Every structure is written in C-alpha cells, then in structure tokens.
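Chain lettering (A, B, C and D) follows the sequence in which the chains are written, and residue indices restart at 1 in each chain.
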Amino acid sequence: MIVVMKPDASKDNVQHVIDLVRDYGLKEHVIVGTDRTVVACIGDKRNVDHGAIENAPNVERIVPILAPYKMASLEVKQEKSQIAIGPENVKIGGNKVAVIAGPCAVENRDQLLRTAELVKEAGCIGLRAGAFKPRTSPYAFQGMGEEGLKILAEARDNTGLAVVTEVVSVETIDMVAEYADVLQIGARNMQHYPLLDAVGKAGKPILLKRGLCARLDEFLLAAEYIINGGNKDVILCERGIRTYEEYVRNTFCVAAIPELNDKTHLPVVADPSHGTGHAHLIQATSLAAVAAGADALLLECHLDPEHAMSDGAQSITPDALKELMTKAKKVAQAIDRDI
Amino acid sequence: MIVVMKPDASKDNVQHVIDLVRDYGLKEHVIVGTDRTVVACIGDKRNVDHGAIENAPNVERIVPILAPYKMASLEVKQEKSQIAIGPENVKIGGNKVAVIAGPCAVENRDQLLRTAELVKEAGCIGLRAGAFKPRTSPYAFQGMGEEGLKILAEARDNTGLAVVTEVVSVETIDMVAEYADVLQIGARNMQHYPLLDAVGKAGKPILLKRGLCARLDEFLLAAEYIINGGNKDVILCERGIRTYEEYVRNTFCVAAIPELNDKTHLPVVADPSHGTGHAHLIQATSLAAVAAGADALLLECHLDPEHAMSDGAQSITPDALKELMTKAKKVAQAIDRDI
Amino acid sequence: MIVVMKPDASKDNVQHVIDLVRDYGLKEHVIVGTDRTVVACIGDKRNVDHGAIENAPNVERIVPILAPYKMASLEVKQEKSQIAIGPENVKIGGNKVAVIAGPCAVENRDQLLRTAELVKEAGCIGLRAGAFKPRTSPYAFQGMGEEGLKILAEARDNTGLAVVTEVVSVETIDMVAEYADVLQIGARNMQHYPLLDAVGKAGKPILLKRGLCARLDEFLLAAEYIINGGNKDVILCERGIRTYEEYVRNTFCVAAIPELNDKTHLPVVADPSHGTGHAHLIQATSLAAVAAGADALLLECHLDPEHAMSDGAQSITPDALKELMTKAKKVAQAIDRDI
Amino acid sequence: MIVVMKPDASKDNVQHVIDLVRDYGLKEHVIVGTDRTVVACIGDKRNVDHGAIENAPNVERIVPILAPYKMASLEVKQEKSQIAIGPENVKIGGNKVAVIAGPCAVENRDQLLRTAELVKEAGCIGLRAGAFKPRTSPYAFQGMGEEGLKILAEARDNTGLAVVTEVVSVETIDMVAEYADVLQIGARNMQHYPLLDAVGKAGKPILLKRGLCARLDEFLLAAEYIINGGNKDVILCERGIRTYEEYVRNTFCVAAIPELNDKTHLPVVADPSHGTGHAHLIQATSLAAVAAGADALLLECHLDPEHAMSDGAQSITPDALKELMTKAKKVAQAIDRDI
C-alpha cells in the first residue's frame, strides 16, 4: 500500500501517518518527492481495511499494491487448472475447447431430452438448463425445481453430457448437487457470500459467473471465497457487463479472457448468450471468444426460441448451434486447439 | 409491447408475428408506417417473456410499454407511504427528513453504545451498524454476529433510536428480526430473490438498497418481490451506482430521488457514504439529497474513522455529523420540510 | 510515479527499470516488500509518457502520483477564482449563486427577446441560447448562425443579462466573441484541442462543459489547455455523464461539485437540463446542485417546450423557472449563500 | 415514433398529443391498451426533434422507431462497401482482412522508415502514425506536424503501404490530404461536426473512430455527416468504450463488429491497441476481432515501446506484430477469409 500525501502536508501529518501505519503492524518507507511525499507500507496484510488511513489529515489517497486474492492467482499456482466434469470426465482448461449448450430453463421433459440429443449431436460436451430460475420479476416463471433436476439427470444418463445448472440458495445446494455435475452461481449471486461459502463444501465443480458490474478483482475474490471454503474446482465465466450500450443486453468483454488467463490458473468460460442478449450476435461473439483463448463456451439453445419461456431473444436453434460448432472448431484449430 | 419489424419485412413476416402475438394471448394492432411496420400488442401480461418474439424473422426489436412492477407503483397506490420504525414509531416518508447514522460494523460494545449516544445527541432517529458484514474478500472482518445484534438492541434501549442492520442470509432473518427494527438488504443482495421472498414474511420494515448497477425498474421489481411476499413496508435506498468515475467509490444519482418519487409511493432514503466513498464529499452530497427530496439519510459515522475496521474512508466523525445535521435541517426547512 | 513489479521479477528486471527511470531523467527509490518490489520515481515530469515503462519485463503496472494539471489546481492558486461576466460584471464564484437560463437554440427574434425578459424577471443574471448548434444528426436544425448572435446581443442590450452561447469551431470564435459575453465549449468539444487552444486567446470568459464521459482529471486538463493558451477565466460545468441509466439522458454527478471545489479554484456551474434530460427532474436536481455548492445553474427554458426546435424534453417553462428560482434562493440562503 | 401516455391520461391529454403530432406534420394512430394508451405516429421525419412532445401533459415517454441515419444504413445500400486505399488500391471491406500498423506518433525519420519496412515485411498493407497528436495534456508531445507528414509520404513511396494519419482540425485537412491516403478522425473528434462536414470534401477515404462513449447510432450518424458532406468512403473503427473496467484503457466491444455488419454497409476496422491499452492483451483481442468479422485491424507497433513518446504501454514490437500476423492469418482462413 502507498499513502499519497497532499502537497501541503506538514511533517506532523506525515508522522501521524507513520504512526498509523505502525499501528496496523506495517513498516513504513517515506519518499519525499519534488511535489509531494508518499509513504510506502511494507507488509500489507490482506485482511486489514487500510482505507481508513485516508481519513488522516492531509492524506490524498491510498494506492493498494497487492492483489487482494491469493489462491486464485498465478502467484500461488502457476500451471493452468484442468477441471474434469460430468460422467465422461471432460476436462475444462485443457487443449480442447468445451461447449456446453441448452435452454435457459427446463420447461418440460420432452423439450429437454430432445434438446440434449441435439446438443450432443452438435458435438457439445455439456448440457445447461435451469431448474431454479432467478428472475427479475416475481411474476415471471421461476423454474420447475426438483422435477427439472430429475429431467436433467435423465438427459445426462441418455447422452453422457455433463449437466450444468444453477443453484440459487444455500438450502437447495445439496439437492442440486445430487443431480448436477457442475453447480452454476449466477451473475446476480456472485457476491452472495453465504452461497459462495456453502458451495465451497458442495463437492462438485462450480461455474461462477461474473457479476453484472464486477471488477475482475472482485470476480477473483468471489472465486477465492469458494476455494477458501474448500472447493478448488472453480470455472470462471465472462458473461458481459452492464454499460450504456443499448444494442446488447450486456457488453461482452472479450479482453477479460486474456486478462484472466494472465492473472489466474482457473479455466475461463465465455457466455455469448448473456454476453450479447441477441441471437444474431452469438455466432460471431462465440468465435471471438474462442480466438481470444476461452476454454469453453456456454450457449443458450432452444428448440423453438420464439416460444421459449425465458431468454428467448438470446437463444439459438439447434441448427444454428450445429453451424456455430463447425466454425468454432475451425477457429480453435487455427490457434492450435480443438473442440 | 410494440414489435418493430425490419424495413424489408414481408407480409408473411408480419402475419407470423401476428400469429405469435395471438399465441401469447394478446391482441395485435398493425400500423404500417412510411418506412416500417410495427405491431402494437394489447393486453401485455407481466408474467410472459415477450422477448422471444424477437426471434421471429425480420423482427428488429421489441419495445415494452408497461412498467414491469405493479404494487410498488403510483398507479396502484397514489399517496406516499409512511413507514413507522423503531420504538418511537418515527415515520419515514412524512414531512420530516429522518437521519440514521452509525458505524459500518459493530466492532465492540463500548464503541457502539458511545456512538449511539452521540448519534442521538446529533438529532438522528436511527442507528445503523452491521452485525453480519458481506465483505468482498473472504479474509476481511465478517462482523460480530448475534453478539453484535444484542449490543444493537441494548443501544436502542438506551437511546430510543431505531436499529437498522443488514440481513445477509435467509437462515438469519429470524435472528436479526428479533433484535432489529429495520432489516437492511444490501446492494449486493438486491437481486438475491430467496432473501427478498423471505423478508416478505419478516414482519419488520425493510430498507432495500439499490444494486450496484441496478436500473430503477429492477430496483422497483426487487421491492415488488418483498411486497408480493407479504411485506408492504419497503424503504428504497439510493446508494450510488458503479460508473467509470474514479474520485468516488460509486456515482451517487441524485436525480434518482425525484424520479423514484415520480414512480413509486415508497419512501426514498439516500446513502451518501456509499454513494461517494469519501468523508470529504459526504456533507455536500447529503445536503443535495435533502434538497432533491430524500425522505431520509443513511450515514456512516465512526468515533475514530482512522481505525475503523471497515469503510473507514467513508465514515465521518460524530462532530462532522453534528455539523451536517445543523446544515441539513436548514436545507430541509428551505424546502418546507424539517429534520 | 510508482512502478509496481510482478512477484517473480528478478534483480535484473528491477535494474532494467531503474535504468529506464534514469533515462527519463528521474531518480529512483527501490522498496522491497514482502510480496513484490516497487520502484518509486522522484521528479515526475508532467510532459513525459511514463506509461511506456509498463513494457519493461515483469512490470505489472504504473501508478501515477501527480495530478496531471497544474494551473487549474488549488496547489497553484488557493483562493477561489471569481469571474465577472456580462455588462453588469456579475461574479461567478462569489457568494451569490448565479442563474443563467434560456432556450436551447435561438429560434427567432421574438421568441428570444420575450424569453430574455422573462428570464430577467425570474431573477437570472445570464441568458443562454445557441446560435451554432452541434447536432448529433446532420438532418437536424443547426442554428441561426450570426443572425442568432445579433438577436442575442439585442437581448443583452434590452435586459442587461450576460449572454452565454456556444462556439463550435475555431473559425467562428472571433464572430461569437464579438457578440457574446461568455463562450461556451460544449461537452462534445471538451477534448477538441484546437478549439481549446484558440479560445485561450478569445479575450472572453469560457464556460467549459464536462465531456460526455470525461474524468475529472481530463476535465481539468481541458481547462488547463485554455489557461495555458492565455485565458484564466474558465468556468467549469458539470452536465452529467453517460451511464447505463435509462430514465435520464445523462447521470448528473452531484458529488463532482464538492470534488471540483476540493481540487480547483475555478468556479463550478451545474446544468441540470442536460444533466437529466427531462423537465420533471430539473427542479429537484437544481436545488440539489445549489445545496452541494454549485456557483451557478445553467438551465434550458423555452416559452413553449412542446414546440421547441431542439432539447424540448429538457426545457422548462418560464413559470417553472420562476418557481425554481424562488426555491433555489431559499436553499442558497440555507447554506449561507444567496441568489 | 410512439408516444406512450401515462395510465391516468385523460381523453383531453390524448387529444392534445394528437394535435401536436399533426402540428409536426405526422399522422397519428391511437391504440387504447388495457393499462395505457399509446399514440403511434406515421411519417417520422428524421430532422424533427420529437422529444418536445414529452412535455405534453401526461405523456410518459417517446419511443423513436426509425434509425436516425440513412445513407450509412443497409436499408439504402445492401451490399457491403469496399473502399480502396493507398498506392496499391488495397480494398477494405473485401474478403481479405487488412492490417494497418505503425507507431502512435511519427517521432523521427529513421524510426518511421525502419518501422514501415518491418510493418511491410510482416504482411501489413497500411502504415499508421500521427503527425498531429490530440493529447489529453497540453504539456504532452503534440506531434511533428507537416514534417511528420512528409516522412510518412516517404515511407509510403519506399514500401507501397497506404498511409493512415489523423487530422485534428479543419485548417489542416488539405495539408494532411496532400500526404496521406486515409484521413483518420480520432475518437475525441467523432462528434466535432465542423471537421466531419469538412472531411466530406477531402477527396480521401476517412477512417472514423467510435467516440469514447458513443452509441452505435451516434457513430453511424457521424459517418452520415461525412457521407452527407460528399464522401461515401467511410471506414468505421471500433476502438473500445469507457466503462468502469480498470484492467483495460477501454472496454473493447467485440459484439459491435457483427452488429455494425448487420446495420451498415460500411467496412468495420478494429483497434485492439486503444481497445485494451496494454500490449499483453493485443494479440488475443486482435484474433477475436478477426474471428468476429472485422474487415481490418489497426495496430500500434513501435521499434522500442519502452521509449515510445506516446502510447508506449499499448504498442507491440515488430516481432510481436509478425507473430500476431501469422496467427491472425490462420484465424482469417478458419472463417474463409484471408489476410
């Protein structure tokens, strides 16, 4: 941490900061520049709120130096994590780009089993669909619950696909973990810490979505909660952030993929469906994500998007999925990976 | 809902949309303009995901017309709600602007009881402090838990102040409700629906913070969840949103106050502490919030901000609180209210 | 400037940075922390692009310490600037809050002269209206040009109001300066440096609007261009920034007012019309701006907003202006200022 | 345009809107829904500011239907434009992805001529470098001016590369056009309309950068200014937008590429250098842009980024450029294009 003093800080002001720094168990290092003095602090502890020092007289600002996360960082583990999922132990984070597709929600048994077959046929290795849906409106369809989970498990048994589904509350973790292969934490729950703590003990890999306006540090700290809770199998998912852009539901941050690859050993998945919100943008964005180094794609695919009960606008048809897979495979090969 | 067709939409495309609209149980109204055709739909149902129609061939976009919330809106209840809180039944939403202050977290008994006295002396009607703290880092101080709640209750007994404290999980609602007068839902939990549903049955008023990047519609829908769950005593709290601005922790949206007053009967509270993140900006922003029509202020106040265990940078001292109260009272009187 | 090394930086990497720092004419100061090394640089020069050092091997990032502007800062001039405008030399930046109002554009002589009278009657000290309009669409009304300027001058002669009007190009500065009392640089031109340079020689005070998504540092650097060009009479105008918020045209940053007052001696004006974009939000936002410490308000007022040729949605009527002035005066008095 | 009335709008309110709509020369179409009435207006004229109608009593909001641009749209010209640039008439917008690279600024003759050779060797078809630099700080290096332009022309003569360079003011357009093959309008000037108008007559293709926080509609309207001014050869450049993200200088919007391809016939270029701001993110983002359908890449490349006079942090070395070209070529081929 660096404490930057204001230009008119007195010696006493600087001494007061030094005293504070020592109170916090740190060692100080004072640097007197031409225009202002800064106090560098050695021994930063990640559990102390240093911001408080900002209140000392004539302190201008505090500049943190250390990344606040640890176990998620490349400093601690330098080789990329590979996380095996589903009945066939497909690895996320290896050379092959994995594709997980399926409808936003389990709507009924026929729909899901049929979709699962087509998803499998297209070359995907995972099936996604929600049984518990966190919906912005209390009047919207909230999911089929345990019945939906059973249908998902049946689809896995039929196809060998890994089942990825969202868990929205601490109470339902055990139930979801009984049926699913990967537990998804949705964007709106990325900072619901009781849930993060609890899935640390779920015994299943976690797919953690980036919050609606989360910084990458906060994203990695959310992963750190889960790892700290006991579960090192965390897959990160870039799904776009909220900006002023109006032609997309979210602004998909393609540069987050190489940046995460530069900061963490955890695998990185891209979700172009939520990342754009519109079917006509999904193929191009998916190819971009693969080219940028994503380890997997998470896609919404619906037999009849015009009648989807949720997220219809951002769902592609099974035919569009098949075409996307063919092209994504070529792009993956162009960068010496495969699908 | 209005369905806007692309310029080159054929008659068949329009007919296909009409069929879809009828499938959804709506009545259509086709308007052929000079450049494009739009299909206005009558009978919008708030529980249907109309976005799916965007997938129909040659549809350009869907424009929703109805606000998605109902019970929180002025359409349903036209006079402003007044919500009585605490042992003295102080009304939030009446002519008097209420001020609620206190430290970010209960750190120990002495600190809190002493702060409560000074908060009371300054003319505040509520005491805020967290016993359960949702922290971005798993390594940071997470609050004193039930012990903290007991200290809060003791402070209320001593001073008559209403106790406002955060509830972070469904499992702890009953415990928090036993001690607190108002349950706070934090910004990061604004869209944690299981919690919103559950506090609908808590039997205590709810202070709901706007999410980090929530739209006002989403904010009001979160309130709708609580009202729909059975609790009509919801107080909305503007606490700033995340933007690119770097001199503040969040960008405080002062215009959200009159806009919410124009859309909902629920009282509106301002939180300039989180809304700015820096002590030196809190007084001016508080006065602005009062001038703009806020029904209450929520302020972080710490005996010794330089040593606060959390949110030190945005906490003001009791002396600064006293000065703020004097000025805020004058501004309130200038707009024919009082404090 | 502080150079933060990556955790695995070698001694050679650090030495390479030291060499670079010396190349740039700076002195280094190496601090070896528990997890990483930082190199503090003394003698930062504001004209050097230090970012380049980021490219040195195993450099993580560069943290600038000095504010990049100088003459606009309180470090150089500690007492608030007061800038006299118009035929009556009204001071912007003194104890009295000044209000400048008028239509978006000069539409015709009668409209403007009549509006000027009503603006004067309401207690305003300045008249705003555009003769040259920068419009997003090439098909929109672009202003009356010099004819509009003549009408503005006539209105000034009739009323004594100071005329504030926008200058959009270097070529028209002399013409606009001949008629106007204050030259406005619009938000979209805040970083059009040839214009900033040129108005540095215009001999008239400048009202500089914050860019659509400008940081405060960039805003102050734009002012610095003008001051550096020879004109110290710069008035800063907060007019909202672009965010994801959809109920406003821009998000008005009320905390920018105290922050600017904390950083610069230049007066700060608020523009709630552009800051919100909707007539029903203007009064509350104006009162907030006054309470937060704005030195002046800039308001769009139109005789018949429903028929305004531009910015109709954000224009208030002369009656609404009168009501706003009465309330704003009371708020100003509540904080020991006046209008 | 659709006028949405408030729920409690009376018949008179609706009639008043109808009268206004007719005043504006439009035809109305009233639709009475279950909760509210909307007035659809036929005959939208792109040059009228309909926002003013929002001021009519009990109007809730105005929903525009038509895109505000015309000549830039696919409605007017359905096949993709190909724009030939430079001495070898390389086409931007055809099947081959074009790469344009070079330093941020011309720093001296040797640097530029040497860079040009390496850029050519790497397989690029254009050379970029600024002779006039718009810099945020008045103290920063502002470019070599005409001398720099002459060096650029010499580099073109040596290599056959097309020269792309920025024009920052109306007065220098002719001078820049004399030496350059493509005139670049920088992000900060995207809405400087006098410049847009003037380059409409420059007789050279224009590379128009998206503004720092421009919406796509505004971006296309800026192109419309140029086309309307007489120059149909406009190349659009996505270069990232300002968001709260802190690990990048700008957030590169990869989905803007397919969205622009869906809306306009103009070619689309990606600028991953400004789009990310950091050398280590440029390769991945470039590959993503190609995969997403960009017609060209614009890259900053410097012989010695550690000593670059501007934009050092986002410049790659000639070796890195060569590696990037090899990979980008493979990705281009994977989507049936080439480089």
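As a convention for this text, contacts are C-beta pairs under 8 Å (C-beta built on N, C-alpha and C of every residue); 3 or more make two chains touch, one makes a residue touch a chain.
In this text the structure is predicted, and so the values were computed from the model without any measurement.
Visitor: Among all chains, whose Cα centre is located farthest from the one for subunit C?
Guide: It is A whose centre lies farthest from that of subunit C.
Visitor: Over half of interface residue numbers shared between subunit C and subunit D means same, under half means different, so which is it?
Guide: Same, since over half the interface numbering is common to both chains.
Visitor: Need the CA-centroid distance for the pair subunit B / subunit D, whole Å please.
Guide: Each chain's C-alpha centroid was found; their separation is 38 Å.
Visitor: I'd like the Å distance between the centres of subunit C and subunit D, where a centre is the mean of that chain's Cα atoms.
Guide: Taking the mean C-alpha position of each chain, the two centres sit 26 Å apart.
Visitor: Taking each chain's centre as its mean C-alpha position, how far apart are subunit B and subunit C in Å?
Guide: 30
Visitor: Residue numbers in subunit B touching 2 or more other chains?
Guide: Where subunit B meets two or more other chains at a single residue, that happens at 213, 242-244.
Visitor: Using the touch rule from the top, collect the residues of subunit A that touch subunit D in their complex.
Guide: Answer in residue numbers: 213, 215-216, 241, 243-248, 251-259, 261-262, 275-276, 280-281, 283-285, 287-293, 327, 330-331, 333-335.
Visitor: Using the touch definition from the top, list the residues of subunit A that touch subunit C in their complex.
Guide: Interface residues on the subunit A side: 2, 4, 7-8, 29, 31-36, 38, 40, 42-44, 63, 65-66, 75, 242-244.
Visitor: Hey, which residues of subunit C end up touching subunit D in the complex?
Guide: Listed in rising order, the residues are 20, 23, 46-47, 49, 51-56, 62, 68-69, 134-141, 168-171, 188-189, 191-194, 197, 211-213, 218, 221, 224-225, 228-229, 242, 278-279, 305-315.
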